[in-house]
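In what comes next, chain A is part of two complexes: it sits with chain B in the first one and with chain C in the second one.
Up next is the complex of A and B:
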């Protein structure tokens, strides 16, 4: 899997700070019930997502597909079946009212906001950097940080093993089994070797780490050191301005009138 | 002189096992000694190495007792599996991890990392470990161990997963970097190790030391014990071939070819990874596929098994492969890692599995399974779970389960990899017996001895092409070159 890309200013933001801002923004978004305001700040995040992650626009659009789907599915449920007074359209169970339409859009934009924010974060943050920064800024125990990083290494290995097991099952005439019993059987035959392999591998990695004198003390040095810079101020400022300007614009120049 | 590592009256036992692994074992090592621990697989050599380094009981909890145990204060440990000794995604980060553990200041790290990487003959900076070959991974593992600046090196079969080329390179490197250190080694394939060490400790099945002394004395006095325990001592192949000379005659050339491929390519991720101009395979052949790591040997097997997308003409028993509903009805495949193949809860059911899918009558199943259990020396373990077997037993079981229904062709990927000599010879003899019955054996192997003594035909793969096809009859061989094609 090749996900190399150019580095942008978003990569330079302190990862812990980035994570913190992201969590705060998600909580704030939960309390926004004004559609115009929600739309404005979603656009602000989409700008970061579309233009500042350093990934090609093709990959960005590809990654957006599932989130457009989330947007449509979350909002449409609310739009089609929600309750309201001003009726626009009715057909059987489906009734679209003005209130349900607006609330539907609000829920949809909120979902889009979470998705864009999360993707922007993960596209601009290497897991290794995140854990190093968490150890340094948030004082996460090295034990947890390094075990997460080691676990990330196991994922591609497991994917390869899964392919091998599939081929092996083909050889044994596995595909020919039918019915529920066979489904249960299949699940068992895939998961047991995969799990046992991973557990054994994880144990070996753990022993190898301790053989390299890994201990859970905090007085270790770091290959990557993370601090704060002007860019971090800029990052926070961006969102403060976004929240304020979004609020102002939603009142002065609402995109939709409610 | 005070010994650098020593243990006195060591007793230990794995939880759940009935007998002790070690009973009152005592062993000492002096500074600067290079020692090889030899013994049958499963005798506890690796466990002993872990005790001597202190990994047991500090990192791996196994109940143990010793009257005196002196572990070295500064040591490094190289493990056998290249894939499971790193915790970071990039090469430089892995060595940095060691330096961080030692609290080396950040400013000194860069230079130290570069030095260590250069020391082991690698030329990489910020390179993803995933993209490295097995040999390069082991080099990196050695580099990260050297970053500890150890006085004692523990080597636990560091080349078990490497091809002959990689094995030689790693040992050359270890000889260089281990010159002025104490080195304690566990290894099966000992030809490259012998010139490096001066002392051998020989263990038996019960974890007792049966001999401990200078290399040459042990090698000349304990040949029988080593042969019995399946240790690859120098000359074991010559001895074996004198006793058991494979005939390599080939009497089935007439008739339709089993496999017939022309202008045949195999694709991985839409990229052509293997190309064959023309090859015909007849029954009763033993074909060895040779080539460097990454040349496309396994890919060729996968293409023939239809695990990957292929193009071109491919006829199996005279039928185009697209018309054959289940290629696996006619061919079978034995994977490098036998564990991936196991589907059942007991050894017995494992072998019976394909027969049950085929809805054979119970009596036939029982007869067939019993006979295979006997041939593959697994009767005593028939009710065990396949995962409880030793590596050699697992390999035998995977072969038995794959051939339970007679197939015309057996494809094998490195079947003798990491096996001791006893298991290797037993497996080869079974394959030879099948071959004489007209079954075709196609195997990827690095073992020169197999191509020299068993193969009737050798394919060489290079850069994704089959570049030569040698037919070896008993009375010399006829070489037919395959047209080279450019990718």
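Up next is the complex of A and C:
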């Protein structure tokens, strides 16, 4: 996502490091089974998401709408149909127990945690910067990095082509068709031209790149250079403190008793 | 012959994958519009999220393509701001890996519908394993869990297996696949003077 916005300290962090920290956090979160702890660290991430992405609060709230859906939908199945001992409510197939309710909340908060982390990342990182940094710090092969960057640049062209096909279909009156056959026809007439066009374009780009002597050597020069700074330490420190403080608070002052 | 994927293969794979990344994003809203209909109907369309791997492999027919495609599709989805955030990246890697393993067991020599369906089932299995860790689905009551599994497997076979196969079959008719597939002995034989 690339929309103009103010730059915050989160923008200044080395993109590879940011991604690495996020992946570690997500793997850690898979092993947290304590609801209080999960809630505490989710709040810590939500603070970053709400106040430090540099986007207007209106846009942030708009982006938060899917969060609520995800929270409700992930937790509801577990709450309504989960297993448990202490029965609270039963109606036909639905049985809400204390255990299923708590586990539902845990799953919901975990989904929220992942979502907030991911969106914070994509709101504060330009893909181009990420791939340049991955080439320099993680030694990602240039042919992968540049392919990704080229592919991301093709997205607007794909959108435009999609719109063209749509307009063409509208002019010819195919939009109004109903029934399963029409759905099949529409799927085919959108996907095939879009895919084959994209493949041809990708192939042409690759040939052009190789013709201009694109090579996969590691000792190349880069237009954007990335290193590490003090802010990177701050970023890591923030999450270490969050994990420790969250754990301490979950034991000393639990929000819900289990 | 040099080993590994060439720039052309990688670029084509990633572009296909990013196109599916857009589909994945749009699919999310469809997923949520059928979710409230009740009992795991949403799982029937879950299989769409495995389609990039089999399609890319069936088009390019090279090792490593399925894994790369699924990772690229997931990261495309991630960059465009998926509400699931990093989850899609983790799921994508595991799903791609499982699909890749299926193609590997056939030594990258089979391109029929059966192998696409098997890859779809493998990706589905990967997603279920991830769901046990992430969504704690193991704690659902038994009838609910089995319904969940059946619908998801049926959906994956349909979307990532059968649909992927026919999609590539139609694409073959456009001739675009000849651009990117490795040359076979048959192609060389056609060049021989008779």
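Keep in mind that, in the parts below, the second predicted complex is superposed on the first by the 248 of 258 C-alpha atoms of A that agree within 3 Å, B and C clash if a C-alpha of one lies under 4 Å from a C-alpha of the other, contacts with A are read in each partner's own complex, and residues count from 1 in each chain.
Definition applied: a residue touches a chain if its C-beta (ideal position, glycine included) is under 8 Å from a C-beta of that chain, and two chains touch if they have at least 3 such contacts.
Keep in mind the model is a prediction, meaning the values are calculated, not measured.
K.L.:
Return fit or clash for chain B versus chain C, each positioned on chain A through the superposition.
P.N.:
fit
K.L.:
Have a look and say if chain B or chain C is in touch with more residues of chain A.
P.N.:
After superposition, C is the partner touching more of chain A.
K.L.:
Examine A:57 and indicate which partner it touches, taking first as chain B and second as chain C; both and neither are also allowed.
P.N.:
Neither chain B nor chain C is touched by A:57.
K.L.:
A:189 contacts which: chain B (first), chain C (second), both, neither?
P.N.:
Only chain B; A:189 stays clear of chain C.
K.L.:
State whether A:180 touches chain B only (first), chain C only (second), both chains, or neither.
P.N.:
Neither: A:180 stays clear of chain B and chain C.
K.L.:
Quick one: is A:116 in contact with chain B, with chain C, with both, or with neither? Answer first, second, both or neither.
P.N.:
So A:116 only meets chain C here.
K.L.:
Quick one: classify A:205 as touching chain B (first), chain C (second), both or neither.
P.N.:
Once the two structures are laid over each other on A, A:205 reaches both partners.
K.L.:
Would you check which partner chain A:26 touches, where first means chain B only, second means chain C only, and both and neither mean what they say?
P.N.:
Second partner only, chain C.
K.L.:
Report, please, how wide the angle is at the C-alpha centre of chain A between chain B and chain C, in steps of 10 degrees.
P.N.:
An angle of 70 degrees, rounded.
K.L.:
Just chain B (first), just chain C (second), both, or neither: which does A:152 touch?
P.N.:
both
K.L.:
With the two complexes superposed on chain A, say which partner A:221 touches: chain B (first), chain C (second), both, or neither.
P.N.:
After superposing on A, A:221 lies in contact with chain B but is clear of chain C.
K.L.:
In Å, how small is the closest CA gap from chain B to chain C once the two complexes are overlaid?
P.N.:
Superposed model gives a least chain B-chain C C-alpha distance of 7 Å.
K.L.:
Taking the two structures together, which residues of chain A meet both chain B and chain C?
P.N.:
Overlap of chain B and chain C footprints on chain A: residues 150, 152, 196, 201, 205-207, 209-210, 214.
K.L.:
Can you check the complex and tell me which residues of chain B touch chain A?
P.N.:
53, 55, 58-60, 76-77, 79, 81, 83-90, 92-93, 96-106, 109, 129-130, 144-145, 148, 302, 305, 307, 326, 328, 332-333, 335, 337, 339-343, 353-354, 357-358, 387, 401-402
K.L.:
Which residues of chain A touch chain C in the complex?
P.N.:
The touching residues are 1, 22-23, 26-27, 30, 63, 66-67, 69-70, 73-74, 77-78, 81-83, 93, 95, 99-100, 103, 106-107, 110-111, 114-119, 121-123, 127, 143-144, 147-148, 150-152, 154-155, 158-159, 188, 191-192, 194-196, 198-203, 205-207, 209-210, 214, 216.
K.L.:
Mind listing the chain C positions that touch chain A in their complex?
P.N.:
Interface residues on chain C, with respect to chain A: 6-8, 10-19, 22, 28, 32, 35, 40, 59, 72, 75-76, 78-90, 133-136, 139-141, 143-144, 167, 170-171, 174, 176-177, 179-180.
K.L.:
How about chain A: which of its residues touch chain B in the complex?
P.N.:
Residues 128, 146, 149-150, 152-153, 156-157, 161, 164-165, 167-174, 176-177, 185, 189, 193, 196-197, 201, 204-215, 219-223, 225 of chain A touch chain B in their complex.
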